[in-house]
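Look at the two complexes coming up: chain A is in both, with chain B in one and chain C in the other.
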Partner chain A sequence: MTLLSPTRGRRATPSPAPTDAQESGQRRVLALVGVLAAWVVGWALLKGRQNLELAVSTQTDLHRWLLDVRDRVEAARTDNFFLDYVVGGVSSALDGGVEFLQQLFSQPAFPRPVPEIGWLGVVALAVFVAYALAGARIAVLVAVSMLAFGLLGYWEESIDLLIVTGVAVGICVLIGLPLGIWMSRSDRTTAVVTPVLDVMQTMPAFAYLAPLVLFFGIGPASAVVTTLIYALPPLVRISAHGLRSVSPTTLEATTSLGSTSRQLLAKVQLPMARRTVIVGLNQTTMAALSMATIAALIDGPGLGEPVVQALQSLDVGDASVSGLCIVIMAIMLDRATTTASDRASVAARTRENPRVRRAVLAVLGVLALVAVWLSRTYTRFAEFPEDPDLGQPLADAVNSFSGWVIDTFGGLTARFTDLISNGLLNPFESLLAESPWWLMAAVLVAIAYLLAGPRVLAPTVICLAIILGSGLWNDAMKTLAMTLVGTLLVMVLGVVVGVWMARSRTADAAIRPLLDALQTLPPFVYLIPAIALFGPTRFMAIMAAVLYAAPVAIKIVTDGVRAVSPTTVEAAQAAGSSSWQTITKVQLPMARSALVLAANQGLLFVLSMVVIGALVGGGALGFLVINGFAQGEAFGKGLAAGVAITALGVMLDRITVHTAARHGRA
Partner chain B sequence: MSDAALSVRDLWKVFGPRPDRIIGTPDADLPRAELLAKTGCTAAVKDVSFDVAPGEVFVVMGLSGSGKSTLVRCLTRLIEPTAGEVLIDGEDVRQMSEGRLRELRRTHVSMVFQHFGLLPHRKVIDNVAYGLEVRGIGKKDRHAKAQEMVDLVGLSGNEASYPDQLSGGMQQRVGLARALAVDPSVMLFDEPFSALDPLIRRDMQAEVIRLHHEVGKTMVFITHDLAEALKLGDRILIMRDGALVQMGTPAEVVAAPADDYVRDFVSDVPRSHVITLRYVMRDPRPGESLDGPQLPPDMVVQEAARRVLDSEHAVRVVEAETLLGVVDDVDILRVIVAEEGVRA
Partner chain C sequence: MARVGRPGQAIVAVCAVAGLALAGCGSGDIEQTDTSASGGEDCGEFNMAINPWVGYEASAYVVGQLAANELGCDVEYKELKEEIAWQGFGTGEVDVVIENWGHEDLKKKYIEQQATAVEVGPNGNIGIIGWYVPPWLDEEYPEVLDWQNLNDYADEFETSESNGKGQLLDGDPTFVTNDEALVENLDLDFEVVYAGSEAALIQTFRQAEENQDWVIGYFYEPQWFLNEVDLQKVSLPKYTPGCDSDPEEVACDYPKYILDKIASTEFMESGSPAATLVENFEWTNDDQNTVATYIAVDDMEPEDAAEKWIEDNPDKVAAWMP
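Then we have the complex of A and B:
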């Protein structure tokens, strides 16, 4: 999940520091300390009063009204033009498309007891496509991965997930590429579209599940639309960027030879931006995969389902096996799209002989057709054989291993959990959630102002008003507390590992591939080890969030520290600084904007994960969202929770982005 | 001059808001920073006029920021001029429709760029054929023509390479071949060799001179390098802050600089290589012998030096049977000694 970092970095444009920066900086720190002190005093005096706590089963008028809206929307579905034709049309087209592909590849196609094309045919076709687009090595990877899905016992779910991801990515390309082209040609379009993309990326994925369900119902259509919304921005941004960065001289030269604007696009801009566009496609595909798994919560078909079920029944073994399938799929898609983009730059001059390549393609094509025929003719090639089954033994092994880990280290993890919970999480949560709401709101506004300046006042106040209006103030503060604690841990990890990696090439070489791999994993996967170690608690959700957010933060800190001018570092060393002094007095202060950016990304990643963690005991807003799907009458409250999450996310994003802008230049 | 290949009349290019209000006002003569402060505009080309004869190599020279690159882009409206006329073969480029302009670019005028502007995803041959391709010429024909051009610029054997596999000099040869392939009547060069090493630059200059002899195109050549301008140009236009400072043959510019700016520019030029007898001759003194050999007035001093020094009598400078003046040893030595002084 690297998709947020490149675009967000750009938004944090540093503004020149005022001349009296130092003085005003000191005053700000003093004011900040004052605010915190006032907050603690207020909390101690007024603890538990007016903190707007709301029991899970209690609903406000707003929640009931939202529930009512849903009922009315559902009732109106057949006789409202917009709902019936537009939304209904899109919805049934998507449902139909996904269903068609499912019957083709994964689900029984009535009256056949098996899909039109059985597993052998599907594998052979996938290998053919992989070879054609990304070469022999990727073809092998695809073959192994696909067989692994079957052997682990999740053939149908895996193919379903691929279908949902594929349909969403396909639509992303149809929408995103023209939009990217348009943006690259018109500044006005860019100005209009960019904020929309910002919101799409800032909004925690959980938040828009509910409104979508309202219109599209639960099922494949909602799953595809959710995935689409989440996955579209990187493709649009990156392709627009790629097209814009085509060398102006080349454009001028080809214009001077009399190219029409269509010729420029087809012969110059698109070919030259091809590699970048495919990088965007890679990010979009990975985002789509992670969202498509989450869409299991709204009944999207695919691997998310078994993961959710296993997580909810705390079956670490099953969760691990289906999680492993997701990991394999992530690696497969990531490698395939990355290789395709690498090849794009050297496509026409591959070292492989074009004649050999054509021959192999022909052979593979024929083999694929034969395999398709076989899979339509013989049941054993149509239905993935249940024997050998690697999934069950693996699940058992994981279960006994995690049992052993808990027996052996259980005391240790419990002590760690207690330490963080009692020492950090509980007091902090109490401070946020038990202060009166008006005190809390005032404190947040004051902190936002002191950190990020007057420009964030309006967004902060509006977001807080929305949270207050949602009737879920107390839950939002609990979620905020978890997010902040998680982000704190992420930053500790980010600074320690980031500085280490920036200072040691060996450490970097060893750790970076691991971070890259972690970043490609869909968020669900992080819950599995966390739940194995810490059980279904709030703390587990925080740890999963830390795991999820740390790679981004570490990378940003590493790059920031490394970007510090080597001359300055040398000068510091020449002046006799110790390593510690160099780090604390030179490298970290000079990498300040990277630290703020890391915090920004950390906050957003942690927030989205903390919310997802509600699936297995995270509580607060996330729980309300999930509960909204699970119980019909809680829908209104779930929707309100989604809105509150969005408001929280936007507020945190605005504050950190503007803080970064303000402190960008030391 | 109605028979000019290219004719520019009162050309202006002003960047900024409502640019046409500047034209012809005293504001246009303000220094750049003041104009910007006052109007928010920058005048890149100010009232420039010139004619280029068919087959001529016309060099526009100036320092960076003098407006020469903008000027050359205005000729085919890669940058839209603010005012004035550009006539190519008698037709006003500024009046052309989009389609007619494209036609002009495809068949009449082609350009070579400082940073080459090649397509990295295409082989050399397809880069060279690009202009023919957008014109709609079939693959076979355009490849045949492109191959001819590749051979002409000395890149035979590299057709199937990609631009990034070639050196800078070779890449610019591709740019040259691409411009030649459309068989234009006018070729524009925008500092084509500035990005190259000095030795390669010299080769490429020789290449342009050779090509000019072979294909005889009209050329407009932009450079900031005076030596290059003197070497290539039949005539030179010197620009400063967007305005024309002097226009003339190399000898004229060196021998009779229009102002201190140009004088400063040409001060360390090897004068004897540039100045012609026309600029060193004098009227014969009363009673001076007119028995010396005849030489044409456009011969450069260096070439004439030996003949003059070998001759007992002053050399007669004669054009079309008319005696223009005489040159003796002292006149020649004055040029050469002055040059030594400059070098020291």
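Then we have the complex of A and C:
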């Protein structure tokens, strides 16, 4: 399965040839040790001074100014031309579009008590489209998935989610494809757009929820725009990459035959890059789905609503069942988009008979029409039957299981939490957050330089300046401490499980589906039982982030270790290396670039969970973002916190990407 | 490559068009079947905000189900945090907030300045905010219930999150709270730690009672969870009117909140029968706790829970109907 989460800022730059690598490496390690020693000494002497701590209720001028801007925008909403007509127009067009589709497929089209097309018709149409675009197996998958939504008791919500995702992805294609084409043709555009895409992916969704609501109001429009912001970048990046990597020889050949640039694009580049573009579409769809739960907070229709609602009554069972529907939908869309991209080549290879295909299509089409008619005529084909209900027994089973886990492991985990918090997290946080800000800034710049070279100096300094300017330095350092501890745990898990999976096909087959599920399951779902185990603590928030980030890291490490040439491994074994020696001396060092990449992705994924983690005791920047979303008076501070998280993310990304480029080549 | 795709695409297009056409001409016997209204055919849309705690849900669904089943309204429930819901009054996304806790700042902004919302009077519930401990603490250390003794036990309440002091657990940042100022002004050796949500608070209290852990935290009534675990309220210096006027200097208990209903101006003036229902709606803390318990403990869908209560209490309901 290819449920890779959205690729974030992953642009390996070619590494300079390692000259005197050994010697300069040693010098760098010495310098690093020196910096760390100076840091600890400085911390011990100056602890708690000039660390820019700011109480939760205190606001800076910047925060108040942002709040004031919000109030003014809100007041101007009705009499400002731009806000009223342009933004208002977009907003009502989106609302109207989603509502139209809902009345067509999922929600009662008042005064009809049911939608225009009932469940039977929707399933039949979906199967028909799936067969047409992706073939028989996907058609079966789609049928089973759609029926599962209904049998689990979430028919309407599932179709709503499909609609919102569909509209958002549709707009992504309209904006993203032309942008990707433009980027593939102009380096300057690439240079301008790339940082914007970085910010879009690093900025926590909670941070832009409040401003979006300000402009688009609560409801489907805001939900679509939120989803759009988060889901657009992968499509743009991947399609630009795909178009750029169309072989230059082919292009030259076509140009020399006299093709215009437009013909070149339509007849050569786009068809040749089709597969890559669809990979981008696949990533974009997955990203859009993962925004579902968050969009529910601003009244976005879909499966997020039951998840959020179940959390209020602590109903792990219901939350899991609606979460399961999201997972099923993710698998369905993932498989459908991937297969659609492979379709043409597969058809050619298997010599599928086009006449048979056309006949099946025609039959399915007629069946779909009949189903639509039936679903408009008879109530039982219009409203999904409540019996049999698979959702309730499943929810009950999950509830009793999570009760058992809590009863059995409750005491143990509390001690573990204390151990990690007091032994690792608290000292580390103190080191980062209680050092004077100037010392901390100097240390970060020095470490960045030593790890990644002079190219990261400018971005690091700029990001640190932004964090300082946000007035939330101390909170940012606390968040950084949590992020680093989380990433450390992710890497431990990533290496241990990744190596295991790479060496054993059985382990791989058993673990991979679990990883896929973890990547698509909304984090809210496993947060609640976890609170019972770990209490509302920072450690709990870190655990949630680790669960979210580990699958990516594990997959990357697995691929990296597996890519180490078998001959090398055999040679090592023949020379008498034990398994342990083979792993530590051969496989891991040779998979070094995969390890650094895993660390990069791990960091960014952990950071992206900072805000969600704050719902269960994570504190610091994440808490401020939620606070700003929830409490009007804290809007400005929340927005500043969102910007600080973004700056932190961009900085960490730059440092790891350049470190990878420098040391990553095995 | 392209040849395989083409006929398929054509057929898809033809069928899609045909499907839509067929959907348009729609025959059938389920056209406008049941809008089983008892005289209120002009009710139209009714958007009820659902703020994030179960007690609220109970009130909202009782009113909502009455509007849907008895008045024939097209009811939509919208899960929204308090602030966000208020913003919806102006845009028509939200018609009613059925349980409002104070929020003087929001009243000033949306009722006085923007005039998009109006007060519709108390809903009968009395809101209590305070610090609570699990019942086992009350039995074994009853002196904990007096704030003046809290410092003696600060060590016991310490956790990995509380910076060497006792931990006072707060909930969702949206909730009305003076706790940081209180700790400061009452010279308590405690640190406020935010659990993040009602769910996290409840889960922590539940565990604390089961494992006899030391926990003290922010909590409130009406609240279904008190039917499951009978948390005990810690006494704070008595509330006198005006003692909480300066948020930084507060050193007294929270007032009793008279919870009230807020609705969009447009909705109240629309003449919808649902507006009259909202105006008449008033019930007690016990009523709300009953429905909330159905939802949270008995695991009923909120719609079913509300309908069960409506069936059991025809007299109360009759008094609200237009």
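As a convention for this text, the second predicted complex is superposed on the first by the 479 of 666 C-alpha atoms of A that agree within 3 Å, B and C clash if a C-alpha of one lies under 4 Å from a C-alpha of the other, contacts with A are read in each partner's own complex, and residues count from 1 in each chain.
By definition in this document, contacts are C-beta pairs under 8 Å (C-beta built on N, C-alpha and C of every residue); 3 or more make two chains touch, one makes a residue touch a chain.
This one's a predicted model, so the numbers in the text were calculated from it and none came from an experiment.
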Partner chain(s) touched by A:E252 [first = chain B, second = chain C, both, neither]: first
Chain B versus chain C as contact partner of A:V268, first or second or both or neither: first
First (chain B), second (chain C), both or neither touched by A:T260: first
Touching partner for A:A362 - first (chain B), second (chain C), both, neither: second
First, second, both or neither for A:G576, with chain B first and chain C second: neither
More chain A residues in contact - chain B or chain C: C
Partner chain(s) touched by A:N422 [first = chain B, second = chain C, both, neither]: second
Partner chain in contact with A:E633 - chain B first, chain C second, else both or neither: second
Touched partner set for A:I218, first chain B, second chain C, both or neither: second
Residues on chain A lying within both footprints (that of chain B and that of chain C): 271, 348
Parts of chain B lying in touch with chain A, wherever the complex brings them together: 73, 76, 78, 102-107, 109-111, 113-123, 130-131, 133-135, 162, 175, 178, 182, 188
Sites on chain A touched by chain C in the complex: 55-57, 74-75, 77, 104, 108, 110-114, 116-117, 121, 125, 128-129, 132-133, 213-214, 217-219, 271, 296-299, 305, 308-309, 311-315, 317-318, 343-345, 347-348, 352, 354, 357-358, 361-362, 365, 368-369, 372-373, 376-379, 382, 406, 410-411, 417-418, 421-422, 425-426, 528, 531-532, 535-539, 614-619, 623, 626-627, 629-634
Residues of chain C defined as touching chain A within the complex: 1-5, 7-9, 11-12, 14-15, 18-19, 22-23, 26-35, 50, 52-54, 57, 74, 78-85, 87-88, 90-91, 93-94, 105-106, 109, 114, 159-161, 169, 172-174, 180, 193-204, 206-207, 210-211, 247, 295-296, 299, 302
For the chain A and chain B complex, residues of the former touching the latter: 247, 249-260, 263, 267-268, 271-272, 274, 348-349
